[in-house]
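Structures are listed in the sections that come next.
Next come two complexes built around chain A: one with chain B, the other with chain C.
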Partner chain A sequence: MSETRIYDGEKYLVPSVIAFIVFGIVPVVLVIRTSFMYWEAFAATGPRFIGLDNFEQLMNSAQYMSATGRTLLFVGVSLVIQMGLGLAIALLLDREFRGDSVVRTLLVLPLTIPPISVGANWLLLLRTDTGLVPKMLSNFGITFQIGENTLDAWVAIFLMDAWHWTPLIALIFLAGLTSVPPSLIESARIDGANRWEIFWHVQLPQLKTVGVVALLIRMMDLFRSFDDVWMLTSGGPGEDTMLLNLEIVRIMTQQTRYGIGAALSLFALYLIIILSWGLVNMLHREVLE
Partner chain B sequence: MAQVRLEGVSKSFGDIEAVSDVDLTVEDGEFFVLLGPSGCGKTTTLRMIAGLERPSEGTIYFDDADVTDDEPAERDISMVFQNYALYPHKTVRENLAFPLSLSRRDYSSEEIDSETERVAELLEITDQLDKHPKNLSGGQQQRVALGRAMIREPMAFLMDEPLSNLDAKLRIQMRSELKRLHRKLGVTTVYVTHDQTEAMSLADRICVLNDGRVQQVGTPHEVFSRPRNTWIAGFIGDPPMNFLHGLLERSDGEVFVAGDAFRYRVPPDVVEELDAREVAEDVTLGIRPRDLEVVEDPGQDTFPATVLTVEPTGERSILTAEVDGREIKIETEPREFMGMQGETISVHPQKTYYYDEADQLATVSSAEGDVVEAVEVTDKHVEEVRKDGDT
Partner chain C sequence: MSTERLESLAKRFGFHFLENPRQILVVLGIGLVLLWILLPVYWTLAISMRTTEEIFGSPDLLLNPASLNFENYRILWPVEDQQVANFSRFIVNSAIIATLNAVLTTVLAVPAAYAFRLGVGYSKHIFFWILTNRMAPPAAFLLPMFLLTSELNIIGTHWGLAIVYLIFNLPLAIWLVYGIIKAIPEEIDEAVYVDGGNDFTVLKEVIVPLSKPGIAVSFLLVWLFAWNHYAFTLMLSDDSTMTITQGIAQFFTTVGTSWNLMAAGTMLSMLPGLVLAAIVQKHIVTGLTFGAVKA
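Now for the complex of A and B:
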């Protein structure tokens, strides 16, 4: 009796294993296969294997490499803004005050909105013709045109993403701050530490682990950005905010060049894996120390 | 080093009064213990002395300086926390040095090094200096926490249950260590604990707190031998003191305390005291378990008690018995009382405490009952036990 029971459990895993293979493994294998093929929907010849030609082509393409560069810029600057701002907000909220739970609840709201809606709302706010923000700024003699001015478009994207995701970082840091034992801070106070010294010597070192976790989550997520940026700038003006994901969608849906699109997708995947691997290593060192 | 003085100090959290109207003076160089059950306000009192909480009312003085509104850092104290509060990301050396590096007095790095070494030597943790706290045992962490408190020479040490996270054996060892360090450094120490043994063994004086109020302040001996009310008497001593309620009855120049099921003759020296203090009819008789003796024959100086349970602990046995509808504990020699459940025995109190209607200590009988000699009961009882075992 008891012996058969041990093996009983395995059959309950079958549905999830099947789902994982169908929705996880198969698509990845297909993408990898496609990346080695010349495959364009309206080409004279049908799909055929061309080895690493697609990868060679994209490595040598100024267009794709600058999309990569723009993606790294987007991820890097957004991380700096959001980590900094998130930590600042967490420090502000790490105390009891009237309505603190209301503020914390409000903070979560942006996280519940789908990126496409965020993009739509920001577009309504920032549109050059009818948007509220350009209208108000023009009162001060400032022109703000996300469709014309590259810098304006970047500022818009950074702001939108920061608005959407900084609360997540703030919540993670807030959880980290809450888990610092009060006695550590009190002990430092008794020994004469001021607010800044407490932050620098006691709180910040305790936030390292959650900080790396937040960085990892946000970095992977930023690499995946598509819908809100697509909604807001569509990669414009020109191609000035054309991120990798936008480029991939354009190749796959508008140009229907599946082979090179698959190769570019994998390239983006490798980029994320390498960067995440570095952070995970950092995390391991932190935890093991 | 300083005298610490609290005058009319109270602290409320919302509607809850954690500490009410506490007056205390901790003398310069004294080892002063705040003792009480959890929630009695002892930690809050300590935190007010530290400056981590601000009193709702009252004034705190260090020597003659009013420090009530001073920040913790301005008070020049150091504190040891229950969970040690070591900085996990700093090594032992960095933990020890931290208070010096923050000090308003600029210490040179040589000074910091030599001070760190000195404290590490004092606490015998020199070979742990480059480890992180989490790689240390509880006892070593405790030493580091003490070291960090001692590295400055503060006006006072404040300790919040510093030994309660250690296992029993280590706790006893650290207790004598603390005593040794206090002798050596002579710094005023305020120490919070709920452990009466710890309080008794460490303190120059104990302040017993309950419900945010001071119950009694005195040397360990005073608190133990003359507990001012039944609460203190029941709190200090293990097993706790037994209490029996009764009425005073006088006949033929003798005085008895009588309950429903007992009538106990009050020793003559106590009668004088009770008369002198004009104690009313109602009295509570307090008897420590170790002052109760099982005797062969009932008499005017004994109670009938029905044995409920027997707990042998090796060095002694604890009998739980019923007297007048109340449970009492009796500490006896480790004889074989096991078969005696349900039997009625006679117990003779050798020392009795008398509390009046207002729950204040009226008097304590002088030790050693001068009446009725204790009778050896061993053999008889052992026989009975054997008999029980046979059936």
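Now for the complex of A and C:
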């Protein structure tokens, strides 16, 4: 600003930095500490340090490793569905018409309601006894049972998550499409390009940046998701849709095995750091530029 | 409907079917998207206004306006009978927690965003670190937050949840507010300094007044996300501070088959989101994408 510094910015940052140390760093330290302990709420013995035993138990457990596999399946399939559908919806809405702002507001709706309510909506829609979808499918002789059939439960989860988050991808792509200079599209049209060629050669290359942003953010948030799946299937039937986050919460709240739960939390944190590495780098570049 | 009537209707929305027949597909597609978005919410609304017999029978797709009943909503508002979920209390609890969190977040975020505008030492690294806090997975933070709030003696209180939500909402708010105030020209600051003011005068008399609408939207968005939160309530709240999201989740285990009551509760939980959707629309995408996308 000026040569002599007449302002002091640090003091305005102190409260927030304290908040992030207490609620961002201290929890990680606590979870690391607990992961080295044998600690069960209803055990005869109190908490004690046991070294790496929890991690050994974790790595040898088929149960926890399958939860990890299911989580990666959930993230991967959802990403493909939502990126594709989101781009399609963005292309559909990338035009002016009366009521376009109403449509965009409705599109935001799944993002503004509680994730637990998203789960409740889909539970009511897909349950065999209350749901519209199973009732309509039964007219065609198709049974749809999210409580009994593993495939149906997965379909339900993918449908629900697509409903919940595709709007965000669509709005990101829409923002990207809006920023494509109209002159580029116009000159391509003059050169005789058809609608498809304009999309493939003019619009799509311009969407690369926002596409990467959408992909990375969605990947991270998919990995974080808990509420809506917990509400819809609770990991069932059996444990067939038990994702890592659901497993952690079950260990913490129902089994109250804090030591192994902390080890699994740490493992989940490690996975999210790996999965979010691309996003972190991108944001870092953006902040530092 | 005749072709002319269809065409004139389409024209009123800005489409020209006769000139460009492919627009028929576009309109069908947009209609399908709207149907897809509205169907789950509509079905919950329909169940919330039906009796148990109507739900388990073969329910009509359409609600009959003559037989709408608000009985389920009334049951959720128990004055004397306490055996069913007491939603009036859940709503009050959620509103208290969300308001406390939104006030706390805003009070911390505005000065922090201002600090980044002034440009403190290492500010970019601190900014980046703050931003990564938003990535914390709630499930993995459940136990440490439980231990931490027990230690601080705020577990089971409204303040406990309101403070813990800072980890997600403060990065979001700092971002949104910084995005707004960095656009304020620095010449205005200079003018205040020349008049003998200091950095606090700038904050109080320039930054805050000029960015009020933006701060207000950030406040609403933070309030909404605090209202919507569920995972931390699993271990951090008790019977007296139960939130509306917990109220919905517990139907599952305790009341089991009262699906119409659960639907009514779900409708109530979605009310703030439905009301605020239009207001927060532009900022929610910016907020959810770490400021990388301006919608």
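One rule holds in what follows: the second predicted complex is superposed on the first by the 268 of 289 C-alpha atoms of A that agree within 3 Å, B and C clash if a C-alpha of one lies under 4 Å from a C-alpha of the other, contacts with A are read in each partner's own complex, and residues count from 1 in each chain.
Just so it is clear, a contact is a pair of C-beta atoms (placed from the backbone, for glycine too) under 8 Å apart; a residue touches a chain by one contact, two chains touch by 3 or more.
Please read all numbers here as calculations on a predicted model, not as lab measurements.
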Problem set entry | Overlay on chain A: chain C relative to chain B, clash or fit | fit
Exercise. Between chain B (first) and chain C (second), which, if any, makes contact with A:205: first, second, both or neither?
Worked result: first
Exercise. Thinking of the overlay built on chain A, is A:83 touched by chain B (first), by chain C (second), by both, or by neither?
Worked result: neither
For this session: On the superposed three-chain arrangement, identify whether chain B or chain C touches more chain A residues.
Result: C
For this session: Please work out whether A:174 is in contact with chain B alone, chain C alone, both, or neither, and reply first, second, both or neither.
Result: second
Exercise. Between chain B (first) and chain C (second), which, if any, makes contact with A:156: first, second, both or neither?
Worked result: neither
For this session: Check the residue A:189 against both partner chains and state whether it touches chain B (first), chain C (second), both, or neither.
Result: first
Exercise. Does the superposition put A:75 against chain B (first), chain C (second), both, or neither?
Worked result: neither
Seminar exercise, completed: With chain A overlaid, the minimum CA to CA distance between chain B and chain C in angstrom is 12
Problem set entry | Touch list for chain B against partner chain A, complex | 50-52, 71-73, 75, 77-79, 81-83, 85, 87-90, 98-99, 102-104, 132, 148, 152
Seminar exercise, completed: chain A contacts chain B in the complex at 181, 183-184, 186-193, 197, 201-202, 205-206, 208, 289
Seminar exercise, completed: Touching chain C in the complex, chain A uses residues 1-2, 6-13, 15-17, 19-20, 22-24, 26-28, 30-31, 34, 89, 92-93, 95-99, 103-118, 120-122, 124-125, 127, 129-132, 135, 163, 167-168, 171-172, 174-176, 210, 213-214, 217, 220, 223-224, 226-227, 230-231, 234, 244-246, 248-249, 252-253, 258, 261-262, 265-266, 268-269, 272, 276, 279-280, 282-284, 286-288
Exercise. Which of the residues in chain C end up touching chain A in this complex?
Worked result: 12-15, 26, 29-30, 33-34, 36-41, 43-44, 47, 55-56, 58-59, 61, 108-109, 111-112, 114-116, 118-121, 123-124, 126-133, 135-148, 163-164, 166-167, 170, 174, 186, 189-190, 193, 198-199, 202-203, 224, 227-231, 234-235, 244-245, 248-249, 252, 259, 262-263, 265-266, 269-270, 272-274, 276-278, 280-281, 284-285, 288-290, 292-295
